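Shared between the two complexes below is chain A, which pairs with chain B and chain C, respectively.
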Partner chain A sequence: MTAAPLEKTIPVGNAKLGHTTVFWIGFAVVMAILIVAPLILPEFWRRFLTEVLIWGLLAMSSDLLIGYTGMISFGHSAFFGLGMYGAAGSLIALSKSLWLATLCGLAAAAGAALFVAYFSTRLRDIYFAITTLIFSQIFYVIIFTWTTVTGGENGLIFTRPHLTIPFLYDARFTSTTMHWFVLAVVTASYLILRRLTRSPFGMVLQSIRENEPRTRAIGYPVERYKIVSVMLSGLFAGLAGVLYAVQNQFAAPDFVFFLTSGDTVIYNVIGGIGTLVGPIVGAGFFQLARELLARLFGDQFPYLIPLGAVFIAIIILLPQGLLGFARRWLNR
Partner chain B sequence: MHAVSQLFHAIPFDLLFIQTVNGVVTGMILALIASGLTLIFGIMDVVNFAHGELFMLGAYLGFVIFVTTGSFWLALIGASLIIAILGAAMQIVTLRPLIGRDPLNTILVTFGISLVLQNYALWQFGPVVRKIPEPVDRYFTLFYLQYPWYRILIAVLSAAIIAGFYLFLKYGKFGVWIRATAQDRIMAQAMGIPVPWVFTGVFAIGAAMAGASGVLFAPMVGVSHTMGLDWILKAFIVVVVGGMGNLAGSIVAAIFISLLEAYSSVWLDPSQAVIVSFVVLILTLLFRPTGLFVSTSK
Partner chain C sequence: MSAQPSIDIRSPADVRGAASVPILKTELLSVRFGGLAALSQVSVEMARGEVRAIIGPNGAGKSTFFNCLTGVLRPTSGRIVFDGEEITGLRSNMISQKGIARSYQITNILPNATAFENVRIAAQSRRHAWNMVSHHDAFADINGKAEVALTAVGLLDKAHELASNLSHGQQRNLEIGIALATEPKLLCLDEPTAGMSQVETNETMELVQRIAENLSILIVEHDMAVVMGLCDRITVLHYGRVLAEGTPEEIQQNPKVLEVYLKT
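Entry: the complex of A and B
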């Protein structure tokens, strides 16, 4: 490939560091901050940071569709919610194993993703967005009305499983270990997604985004690539759902509702699509702004009015999002 | 023979007839919303996610005007006009800068607007359901039911608004401009038609239709800040099933979908009856992705 000659160097002091080095130094610094954070932050902000990471993972999963394949999904709440319900169902009915719950959550999300992907990838642009939205509402109606299995409006409540590593470690989650666990999962997901988007597979996805007819003309089976990308995206969204369920010890139909999907899109647009880390930053920005508005004006303050206005302004004035300036650099 | 007659008796014909009337009434309201939506899409390539919120705000405005003036008809006209102005302002401020960009941006922006409007309504009016009394409080007997004349009036009024709009498109000067812009945007501009203002006008008309249907619908169930999402979903289904941008198609589809939902709620829980229309949508997308009611010869 032609990547090597294009490698630019960034001068730091006298030494010149390559792009890769700078990237991994930055990565290590951010990781160090996130690892140390729960030891310093008070309980409330510790939980807050953990939740931001989970929402970030959800947003990152949908970035694979929005930012790389060029399809806006308004239905990510379905995958997120099924991840939640899968984990909750396994913890209640099968066993108290964290890993089995994760597996069940992922399986539920993957099943939903396969179903949605099969139908919706036949469509493009706006039609895809509408179809995913309607599919997520189907799942919402099913979960909401199938009271005997899903608990209907009340959802499912369970006790949190232990954090276990077979033969090595078995202990209750504290908010600190919870944070580290979430951080580990989110980081691993980021690295996997980053690897994926830089792989030949990811290149095909990006070429679908740039020019779908030409990609098909070259000979790539576009539909199959789209189905796989929706499924992968749904899988990571399901993983976020599992984490959220484990952290909060419940699964509720509210999270399958459209508003969760809407929030996911907002995180992406604010943070910057096509960057993978942008959506996490967007989620942090959104949640922080929401928390600060609630503290300043009270809990009843309709925080979505100012945040909605910010969202609209960003689409019109800053379509690349907050991290848009770093998009090319992050994807190199 | 016995089995056939038993089956015949098992079908609740009176109930089916009542549901037919109900289906046509909600179908006409839905047609009014969906025709605005499909008009905006057909001409501007904008999927107006905030259309349900315009419908909801129309209902609230109708409620406010009704409470202050006491006249339902004043509420209907006033709310439609105010929503039209709001729609025009929305288009100028948020959608005009996006002309020429990827159409997906417009769905994002209108989604943002819908969030703002919905939360504004919640903040302003609270979570309590508001109700406008029916302007016509006569009833007629339909089998064992006292059926309100008002519902029949809604269907007639909606049909009249749609018909008036159709005539306007066909014969009005601005209507001709709209059709010209829909056919060829660049050519229309070359002929001296102020295309950006046609867009604004189209958006205002679509918004007014949503607002009017909100006021018409308000006496039936009541006004709440969440009603927008229910109706926008239905309207989306109708617009896709009828063929995006196809006015006649979406009217037929609106009545078709509403009748289906009405019939299926005879046997199913109403919240599950929604799934029937979802299934229709999925089947449409699979077999006729351009819409059920599109002539294939086009």
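Entry: the complex of A and C
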């Protein structure tokens, strides 16, 4: 299933050094492009790229479940949404601090994730997916109807906090510094998740994905690993929600609706599950294709039809996703 | 070699760890699936260091007995005492942590991981399992244990081969290696030679003999000939009941056993 031949072509003797060097060179090149990009791109595309990174973070967080633990979650819209509403609530009711808002968003998402994880991780496969879907819809209904707190259909609108580093820096976000801020958070998240997935803990998750009864038989309390995995995934999804709220200065119930979860799964499938970077590429590809098709055919045309055709073509031609070929290499 | 220990283990805590405590004792173990009694009142006692075979025709309840011991099935009634400690109804991860390891009848490995990774994940279940910050390859103690287990099953030269690329016989031995890497006190092998050629069967039996020096081993086998030269005692199951128990010689001459085996 995985790209085994890739590994064989590298001589075993000095593969470690070569692999690490190649990986970090690639990382540096991509980072350099993403850092310079907002200075070159026009305003629209600058914001577009920033949003791709945020959706990428959301997709990457769900890859921890889909690609590593082997559980497909349709509940990520809830974690994303609670991150949004947590941050918005903090900015409106508590203080103008960006960092406090982040903390509140993460706490809200983690609380929701703990709740969902506790009940859904007893179930497997499609039953897990359906349960997470139901829970996310419950959160959607609560947010949609609890108008006094969440603003109901209108959501919450707030003024964007300043980017502050205590005693060092305090300024309004521009679209460029916003991009760099998002880039820094997404990059840090990637490095943390990469560490996590290659740690002994991450190996247990992958063992659960490959063979759950066997993993239990060699002594692992599988449920506990799954709960922690859902919580960590929900935490990073919440972080994406915080970023999205800060970028757009609102929290809206639309994003808690399960379609957001569906998009997240699609980004994973297009980009390649179990690669972490694949879902970001998938998010970029999908958003770009949608934007270009909408421009090509005009807003009146149902451009989602050709988008669906593109999606089907990828499933058939690249069943492992755009970066699926590099899966084993990226996880070493 | 394996005289039946006659000690009373009703107060297990007092004598835990003593050599005279049986490594495994089942008392009147029964499993019912609806109206079908898969196991009825099976009492087996195994001495420390013993190699015991459970044999019997198809459907005799061998695998059911096995699944009870390893926590896959919960017995309907009866008790299982392992090393002086009751383990009846514990989940399989807890039973593994107590020191019972199993290999599966159907090869049941992680196909997309290398032989070494398969064994390492098992070794890792005893230490550093929750570590989230270090690279999984960075632990000399885990890698050492994994290497020892792979060496024991003769697969060290295949360490970096994907498990799915190993031959059937090698995969079965890898199964045993994974079980060994959890450092068990009791190793349960479910038809370890199923589907093997005669040469592979002999090799695996030699392998079991080698690891039996430091372990108690319970082998479930369909084929009596395979275990004859290997085990200290044999328990014969038939229709979920213990039909006979004794040394291989006694079993070979037992008229009831001969009847069952000739009939099927």
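FYI, the second predicted complex is superposed on the first by the 304 of 332 C-alpha atoms of A that agree within 3 Å, B and C clash if a C-alpha of one lies under 4 Å from a C-alpha of the other, contacts with A are read in each partner's own complex, and residues count from 1 in each chain.
Heads up, the rule we're going with is that contacts are C-beta pairs under 8 Å (C-beta built on N, C-alpha and C of every residue); 3 or more make two chains touch, one makes a residue touch a chain.
Everything quoted here is computed from the prediction, not taken from an experiment.
**Q** By the touch definition at the top of the document, which applies to A:309: first (chain B), second (chain C), both, or neither?
**A** first
**Q** Is A:165 touching anything from chain B or chain C once the two structures are fitted on A? First, second, both or neither.
**A** So A:165 meets neither chain B nor chain C here.
**Q** Counting only touches as set out at the top, which of chain B and chain C does A:200 meet: first, second, both, neither?
**A** Second partner only, chain C.
**Q** Please determine whether it is chain B or chain C that touches the greater number of chain A residues.
**A** Tallying touched residues of chain A, the top partner is B.
**Q** Would you sort A:216 into first (chain B), second (chain C), both or neither based on which partner it touches?
**A** After superposition on chain A, A:216 lies in contact with chain C alone.
**Q** Output the chain A positions appearing in both contact lists, the one against chain B and the one against chain C.
**A** Of chain A, no residue contacts chain B in one complex and chain C in the other.
**Q** Within the complex, which stretch of chain A touches chain B?
**A** So the residues of chain A in touch with chain B come to 72, 74, 119, 122-123, 125-127, 129-131, 133-135, 137-138, 141-142, 144-145, 258, 262, 265-266, 269, 302, 304-305, 307-309, 311-312, 315-316, 319.
**Q** Along chain C, where are the residues that touch chain A in the complex?
**A** Within the complex, chain C touches chain A at residues 70, 72, 91-94, 96-97, 101-102, 104, 108-113, 117, 120-122, 124-126, 128-136, 139, 142, 160, 162, 178-179, 181-182.
**Q** Which positions of chain A touch chain C when the two form their complex?
**A** For this pair, the touching residues of chain A are 1-2, 4, 12, 195-196, 198-204, 206-207, 210-211, 213-222.
**Q** Can you check the complex and tell me which residues of chain B touch chain A?
**A** 47, 94, 97-98, 101, 103-105, 107-109, 111-113, 115-116, 118-120, 122-123, 229, 233, 236-237, 240, 244, 269, 271-272, 274-275, 278, 281-282, 285-286, 289
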